[in-house]
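As written, the chains take the letters A, B, C and D, and residue 1 is the first residue of each chain.
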Amino acid sequence: MTARELLAGGLRIEAHKQRSTKAPIRAASLTERYVIPLDQHSGLPAVPLVKPSDRVRMWQPIAQPAPGISAWLHSPVSGEVIAIEPRPAPHRLGAPTLSIVIANDGRDRRFENAAAIVSFEQISPNEACEHIARGGIVGLGGAAFPTANKLESSLCENGPQLLLNGAECEPYISCDEVLMRERAEDIVFGARALLHALCSPNCTIAIEDDVPEAQAALRQAVDKAADPRIRIKVVPAIYPAGGERQLIATVFDAEVPHDGLPADIGVVCQNVGTAAAIARWIRDGQPLVSRIVTVTGDGVSEAGNWETRIGTPFSSLIADCGGYTERMSRLIMGGSMMGTSLAHDDLPVVKATNCIIAASALDLQPRGLEMPCIRCGNCSQVCPAFLLPQQLHWYLQPFDSDQLARHGLLDCIECGCCDYVCPSQIPLAERFREAKPLLARELDAHLSADAARARFVARNERLARLEAEHRAKLAQKRRPKNEPTS
Amino acid sequence: MITALVTIIILAALAGVATVATAGAPKEISLADRIDALLPQTQCRRCTFAGCRPYAEAIAQGAADINQCPPGGERTAKALARLMGVPPKPVGKEFGVVPDSPAVAFIEEDACIGCTKCIQACPVDAIVGASRHMHTVIAADCTGCELCIPPCPVDCIVMRPAPAVVR
Amino acid sequence: MSALLLILLSAVLVNVMALTRMPAWRPFEAVTGTLQGAQGLAIASLLAIPTVAAIAWSLSTWLLEPNALGYLRTFVFVIVAVAVVPLVELVLRRDGRLQPQRPGFTLLVTTNSAVLGIALMVDARMQNIVDAVSFSIAMAVALGFLMLAFAALHDRLQHADVPKVFRDAPLALVSAGIMALAFMGFTGLIQE
Amino acid sequence: MTFPTAPAPHAVAHDSVGRVMRIVIYALLPTVALHVMFFGAGLLVQIVLGAATALISEALALRLRHKPFEPFLKDGSAIVTAILLALCLPPLAPWWLVVSGTAFAILLAKHLYGGLGANPFNPAMVGYAVLLVSFPVQLLQWLPPAGMDIEQAKLSMGETIQTILTGSLPSRLTWDAVTSPTPLDALRTNLKMGMTMAEAQAAPIFGALGGRGWEWINLATLAGGLALLQLRIIRWHIPVAMLGAIVVCASLMYMIDPGTYAGPIFHLTSGASLLGAFFIATDPISAATSDRGRLIYGAGIGVLTYVIRTWGGYPDGVAFAVLLMNLSVPLIDRYTIPRIYGHAR
């Protein structure tokens, strides 16, 4: 481990992954209805291609990307579109968002997509990007950023270095670990497709040092592919080592500029799950209609990883896990550090659903009473962005935008490490999450005030000039009348 | 005695020279400038002055109070109080209500008759359009001053929430 | 000598207090209440105090004393200060960041008894020009540092949950008291 | 079925201000124990008086400021202040010293500034400095260490309490017979009388490292401090910087003139060097907050401590040095903001 890695901030926290990784990946049972939110990826919502009462087949495109950043959506089952209406969605914290609702006919009749299966070496990199877009592929690490958009924005002259993120640092989540164990070949296939699409010289697969089985499986797959461009890099299992910017710092010893993208330093980062999904699309013609979801926590009888079709209700997955235990207290989508807490389970699995934690009081002990900050600095020791959360917290009350900007509030990645170690039990991440838009708005208000002042001054000057010209003209018009008399 | 007088006169002359020599130096940033920098530049005239700059000059001269700016709200009033060294106070009700969230003007284009009255009213040139052609508000440039609303003969201008900050 | 140092340090403290914290000075808060303002003032003092002290010492030693005009000392020093301060301002204005931001800056530096007080002390205590200059530079550095430290402390306390009646001036006086206490540690530091 | 919701992160480590303060108190126990061994039970009485005063003052301040009692009385920070102050006072100091000092520390240095977490000055050191400046005579009346074949008047527990509460010794004893200067004080006095360093350190109160008894107490403090480091209650920057600065200053002067200046080991093991480095300067509330800032802050305390000790009018300078650097903390913090990820180096 280099000194750099040691200094990178972050936490070693209990991973809670053993329970869900005991069993292999199982297929989640099918249900009657699938709800596909149109805005389940970053960017703009997709535009539906179907209307209610249309018959759809499995893997058929049902929505196309809006112009700009957006993604295709496909039907996970065959059946009938019964509604296109707002439905509660987990990525909107349970608020309704426009969704396509499909009734499953249980027959899984496939949509014949002749163009689906291609040999990626035969097509140009640009065509490969477009092809990946048509598979509805989005980042499966949690942010669900459309992969094709990311690839397009990352293209550079010599091709960016590809980084496949298998560092699943958040507690409880194990979907990538089991994926690497069981489907390492898919990942390597996807990696080669991505290398081709990006004209990339090499690919680094980052994997944490606490998952030996996954490492072994991945090594075997890489050796089998015998592709010299692909290498494996073991990174320390530190939360949040799997954050995109943190992983790049660990692997390449380079930092992404605070106002830039990884592409600015010639790196493009993709989740291993995304690579596997690309493999399934290119090799098997299966678009992104299912993903592996970890269901775990003390609140379910049996934990595990489930190959789940997008749109499956949480409640159905919970039933597959044997239902809730009586200790069940809270439902979380994502990990325990950055996941979102949900009020009920009548929500569909979306492309970003990597984990469902049915948590009992044992998993999540209630926070203690909040005390004043004692400036102990534990938070600044663990902050992966090298911020001083204790100072940011000090300058939040009352809100001091100058100091907050100086101390880099907008660089906070909301990972929650500071919360985790705070002896005063201050909900720092939440405070920062709330304050960031305020600060951004205020900085923006300064800029627009300056612009408004400039336009106001310009307008006044123009009006004054017009007035002066008008007067001059009037004076000229009068002069002929006056001249004879003088 | 005479030496003393001469000394003083020489010194006084030196001081005078120094003062005169430095008189041509650039002026300090004026108080009005500093006040103006704190104002939101909405140019809405709710403070009863013809824009933010005139209001700033009025405060600098003591002709206006610090609590006359509804768009700036409590924050601006506080900042002004701090700058002027007076106790802070809430924005006066007579100057209007402090808005909860920023708003921009929007022209309902079906109704617009292209009279250009709103263009003339806009203090920051945020409305574009030609005579007898439909007008449009540039949302990014609109300060939400509402000065364009009264002149409109067909009442086609409404205030809408400002678009979110894109970063 | 130790007594002198104590006097000097307490003089510095009293000066800083009077300058930055008394309610009467609230209109000047833009100058001293923020660190940026304090920076300008600290640098102004750093330039003005040694200059004034050196000129004052020279005038006193070589002009006033030989002519038995010691009684004019204070008066002459005031004039020197009045003459030097605009020059200092001129130098400061070259750098936009340090530009004095409020009217009254000139007045503030001129009437700042630190300038005059240090000049008088230098004149009374120092035997040669090197001593005089180095002593006044040390005093100016201490004064400048204290101004900065107090401005930063003031900024920090803005965010503390200070009981209402103690906000600003009363608390500043308490801080000044504690600082005077800390400076007592230097008692006897220089023995003659 | 609905579940309660909460913002992320959903699980945090179990820690509290109370736990941190409790560990600090435990880490002080070896120091207190050895102190009692060498100087009698006076310290225990002082701690009890101080802790009671601290809690009463804290409660009073909380009441006046309309804050809840329970969390702040239980957090232990007032007790830590009281123990640190009591450790600085002579074991037989009259009760009103510790009571007024602690009350001053809690009410003025802590609660006027906004209570826990907001005080820019270390409360214990404010209390101590006030006492030292106001009552220098009483604060220099230390006792000789026990069990070191130095003549010593034994006081029973009852007599100790009586002395502290009444301010006068049992009639069989006089102050001159009971008290003895601290090693730092003795060294200063001896040197002033024109003795060389060797002569000055020949007195029976000087031991192998520093003062007799004191060297053991300081080693216990070191052990407690190392335990705090190990438990990550404090970090290395301030102690290392402060002790490093003392060692550098002391070595430098010792090399220049070993006849006039005491060596680095003596400086480390005498006075409040170690207590200051591990327990006082590391008070995070009044210390600088970034790593670089803490190095500057610690080094500043070290240098000032040495300067005041060696050339100043008071035998030890830790309290003054800490207060002087406390004043500089906001400024240090301002200029030592670490580089943020993704910003230019």
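FYI, a contact is a pair of C-beta atoms (placed from the backbone, for glycine too) under 8 Å apart; a residue touches a chain by one contact, two chains touch by 3 or more.
Just so it is clear, the model here is predicted, and its values are computed rather than measured.
*Asks:* Would you pick out the chains that touch subunit B and also touch subunit D?
*Replies:* A, C
*Asks:* Count the smallest number of chain-to-chain hops linking subunit C with subunit D, moving only between touching chains.
*Replies:* Graph distance in the chain contact network comes out at 1.
*Asks:* If you tally contacting C-beta pairs, which pair wins, B-C or A-D?
*Replies:* A-D
*Asks:* Measuring between Cα centroids, what's the chain most distant from subunit A?
*Replies:* It is C.
*Asks:* Quick one: subunit B and subunit C, Cα centre-to-centre, how many Å?
*Replies:* Each chain's C-alpha centroid was found; their separation is 37 Å.
*Asks:* Where the centres are mean C-alpha positions, what is the separation of subunit A from subunit D, in Å?
*Replies:* Once rounded, the distance between the two centres reads 50 Å.
*Asks:* Averaging over Cα atoms per chain, report the distance between subunit A and subunit C in Å.
*Replies:* 56
*Asks:* Find the geometric centre of each of subunit A and subunit B from their Cα atoms only, then give the gap between the two centres in Å, rounded to an integer.
*Replies:* Comparing mean C-alpha positions, subunit B is 41 Å from subunit A.
*Asks:* Subunit B: which residues touch two or more other chains?
*Replies:* none
*Asks:* Quick check on subunit D: which residues sit in contact with 2+ other chains?
*Replies:* Correct list: 115, 118, 333.
*Asks:* Which residues of subunit C are in contact with two or more other chains?
*Replies:* Where subunit C meets two or more other chains at a single residue, that happens at 156, 161.
*Asks:* Pick one for the touching-chains graph, please: line, ring, star, complete, other.
*Replies:* If you draw each chain as a dot and join those that touch, the picture is no line, ring, star or complete graph.
*Asks:* Using the contact rule from the top, write out all pairs of chains that touch.
*Replies:* Contact pairs between chains: A-B, A-C, A-D, B-C, C-D.
*Asks:* Taking the complex as given, what residues does subunit B use to touch subunit C?
*Replies:* Checking each residue of subunit B against subunit C gives 3-4, 7-8, 11-12, 14-15, 18-19, 21-22, 25-26, 28-29, 31, 34, 82-85.
*Asks:* Which residues, counting only subunit D, touch subunit C once they are in their complex?
*Replies:* 64-65, 108-109, 111-115, 118, 120-121, 126, 129-130, 133, 304, 307-308, 311-314, 317, 319-321, 323-324, 326-328, 330-331, 333-334
*Asks:* What part of subunit B is in contact with subunit A in the complex they form?
*Replies:* On the subunit B side, the touching residues are 36, 39-43, 51-53, 123-126, 140-141, 143, 165, 167.
*Asks:* Hey, which residues of subunit C end up touching subunit A in the complex?
*Replies:* Where subunit C meets subunit A, its residues are 156, 158-159, 161.
*Asks:* Quick check: in the complex, which residue numbers of subunit C touch subunit B?
*Replies:* For this pair, the touching residues of subunit C are 26-30, 33, 63-64, 67, 69, 72, 75-76, 79-80, 82-84, 86-87, 89-90, 93, 99-103, 105.
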